[in-house]
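Single-structure report; data block below.
Letters A, B, C, D and E mark the chains as written, and numbering starts fresh at 1 in each.
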């Protein structure tokens, strides 16, 4: 569906609902988070009614392609391969990979030190792809369904190194004091997170880009960042 | 299905049946008149059970014709539901007692007997119970009416099977060694029952290994071997002076006892 | 288990068996000497099958003693594995042919016969096959060695059951109406087989409804009714001049044929 | 913990609801398939066989995705819950028909013959003779399938039905308390499935009563 | 929606590897759960309550809780004590799970074998165990076959749950590929076809045994 149809109806937006602080279900059962607020702000600017729903991450692309919703505001990294299948708007934030080890680990300070270690990442995330491509047989990759599982595996010693998007880990550390630490291994790729829309809906993409620029300009964007990510974090 | 009394009750014309390569019935011809008892004897494996099962269409014959009271039983021309209706109707007029009894293990003796009249003839439960008890009485099992088949002795099972088949008041009864597990006293009684039924014009085909019984009870006797009818005659003739050497050999023991 | 020849092969002392309220064996005493054939006759439901089953401990008796070659079969004192070992050993010396045959449907005829010698006596497959074929030959079923029980006729099944029991070369054979599905020729042959076995000192207990067969084959005959032994004697005496009125009544038919 | 319990209970009810409905409709689909498999018209038999083969042969979640997202293309626009029930019923129906067939075939052929020889038709024979004797095995088999259905209902989350497992995962995502939430949801599964097992046991005992007489 | 299967072709070697893992696990688990299922059924039917109570409880636990939770428990929960390799956790979890289902069916079919069969074997002198082994279990197996094949067909697809503990079976590798290529339908259709081929083999096996069984009834 493109913009004209959406304007007559409701703008359907999805996220996974399991990726705090971007989207998650709070203990009152409400869907909240950075992505949710962004979606609402954008819809307001576009002057459309919005409905935000969850769809599990492993089915989210199928759902978008199948037309179950119009846009995926779900912290999705806009990689080249993905652009073949869906259209992306301008990035609305950029996230970076981060490397984590247990507190007592002291022999990891560069990617070369991964050699012979067990490295964890989350299925479907960019870190997973990065770790898989970089490994070249030097280390063993293990893949998890979500951050909580992976954190568990790291603390119990099932893996030695964890590759993950940084923000969610920071948030997790705020919630719970875990015996892990971040290590700097030098240059890691950063991925721009963008809104995915179905191919063949240029008007919607345009409207989203315009709205994005507007919320950036009027400070709404920074407010949302302050709420969910942290005061004054520069998120571009 | 009512025909003139001249029509034979059961008629077989050139009946053939094969199991794979094994030809078990090699062209059987047979005529049984209304109210007659015919006994079929023959060595083990000669095709006696197969013959009875074919008359009931439990085995589908490969060639030939089987007629019940002038109506053809095997109807290769009928398909599907049409054949289904046809054969169910035919079978309600035929009672069969199996060599292995095949009682329904999940029902009491009485229910085994009354199921068919209740469900097929729509007989009321009360009436069916009376009929069932009467039949069980007749075979000496009134006290086992509520017992389940698993607690019956061999002879008791066999008698329930007989009562079950009789409950539909069929025109024809097919007994496959229906007296093999009966003791002499009961054989006598069952013999009486059969004669009574014959007087009521029930026709009976009896496969048996008991020559004495066959001779006593039947109007006609037939000796089968290797899928063919070797000889058929009145029991007196067949059992005392069989014409065929094969029959003589088979009956040697029996003939010896006679002499 | 070898005792002097004076020890009876099978001995029952005051055996009682109840099914719930129903007392089926009311104190049975019996002695069968080595190499003897004893036939047990009696009306349906009189407890004949139960008696044989009790000897094989398939029914656990409530009172009394059963001894095989001087060794007690029922051992209420033994529990668990100890009893298990005891009874398996006993049973290997007893062959039983069931009223319903109970062939193993998932095995060929030959495998039915050879299973026990192979697995229990550790006989090599080749040797066991020879033995099996020999036994099948003896009961006239060599050509059905590879057939499965479902494709056998009644008499054929029964003969396989006999061959299966014989394959263990037991000291005692228990036949529960083991000849009811056999035709006269085969009865004759089985009769010969049994006499041959008796000469090799096999002891046999035969439940049968065929008085002629019982009379011919056995050394001793026993008439049971309502769970008690009414009369036991030589077959000649029992079948010709029974002492008890009950026996006379039961054998009336048979006695009539004699006269 | 207390505050999220109602959320989980609500999701557990969705699991029960969707499974019970799928089982109910699946039963009739299965019965129809069993009848078709023994039909005298060969095309009907082939159709049933092909259906069973394809449905058993492909993953449930793919079936869900195809119907849910592919459905609109052929004008079949189902809401997630309905879609879960419909696909679940057609899926479990294929398995259940095999279970029923197996139970029916386990009854000795002599029973069928005895009944047919009394003049009972195929359906009456099935009704009065075969089914009562097949019921025991059938109930146990269907019971196992029902349990599997309840457990696999978590797959419907892929078409965004919020049932017990998905809700638990979402809550873990926000609370970082995997152990507690998983334990809680496990307890709920235990309660649901224990109830199913109890029902199966009850029905099984009833159906096999005669074997203990 | 247009289909473009080129990504599938690119990832085909990866998918094949996934198929290999699925088949390997499937075979192992099938063996474990069928043999184990018979054993469990026999023990719970024929031993005293005190003996089989723990076993029944164990089975009950595997029956009532979802596979995913069992895997999490074995993988992460037990992980605090001993580190069991993921593949072992997967095979054991799946194996026990389906062992419980199979045992339930075997219990029903063992009881449906007529007592005459048991008696005939006992009267030949076979002990209880060997009677079960040679006489009862084969017949019970034939009768259980349709539901057994149901269970095994479901099991093969349940292997996908093992991706939760990072085992690279078929669904897992395709989801990885999907996350990169964003071509869900193409991949899902492909794995549906692959599963269907596996299923055809299983069905062929089932009907082969069933034909033999029919002959031997």
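Definition applied: a contact is a pair of C-beta atoms (placed from the backbone, for glycine too) under 8 Å apart; a residue touches a chain by one contact, two chains touch by 3 or more.
Composition by chain, UniProt nomenclature: B, C = Amino acid ABC transporter ATP-binding protein (PAAT family); D = Amino acid ABC transporter membrane protein 1 (PAAT family); E = Amino acid ABC transporter membrane protein 2 (PAAT family).
Quantities reported herein were computed from a predicted structural model and do not represent experimental measurements.
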item: Neighbouring chains shared between subunit A and subunit C, ordered by label; value: E
item: Least step count from subunit C to subunit D, where 1 means the two chains touch; value: 2
item: Distance-maximising chain from subunit B - centres being C-alpha averages; value: A
item: Whole-Å gap separating subunit A and subunit B, where each centre is the average of the chain's CA atoms; value: 81
item: Centroid distance [mean C-alpha coordinates] between subunit E and subunit D, Å; value: 18
item: Distance between the centres, which are taken as Cα means, of subunit D and subunit A, whole angstrom; value: 37
item: Subunit C and subunit E: spacing of chain centres that average the CA atoms, whole Å; value: 46
item: Subunit E: positions in contact with at least two other chains; value: 1, 72, 76, 184-185, 188, 217
item: Subunit A residues counted as touching two or more neighbouring chains; value: 58-59, 62, 65-66, 149, 152
item: In subunit C, residues with contacts to at least two other chains; value: 100, 150
item: Pairs of chains satisfying the touch condition; value: A-D, A-E, B-C, B-D, C-E, D-E
item: Interface residues, subunit A side, partner subunit E - complex; value: 58-59, 61-62, 65-66, 79, 81-82, 84-86, 120, 123-125, 128-129, 132, 142-145, 149, 152-153, 156-158
item: Subunit D partner contacts - residues on subunit E that touch it in the complex; value: 1, 60, 63-69, 72, 76-77, 101, 104-105, 107-109, 111-112, 143-147, 149-151, 153-154, 157, 160, 171, 184-185, 188-189, 191-192, 195-196, 198-200, 203, 214, 217
item: Residues of subunit C defined as touching subunit B within the complex; value: 19, 41-45, 49, 99-100, 151, 153-156, 159, 176-177, 180-188, 209-212, 249-254, 257
item: Of all residues in subunit A, those that touch subunit D in their complex; value: 14, 17-20, 24-29, 53-56, 58-59, 62-63, 65-68, 146-149, 151-152, 172, 175-176
item: Subunit A-facing residues of subunit D, complex; value: 3-4, 6-7, 65, 68-70, 72, 157-160, 162, 166-167, 169-176, 178
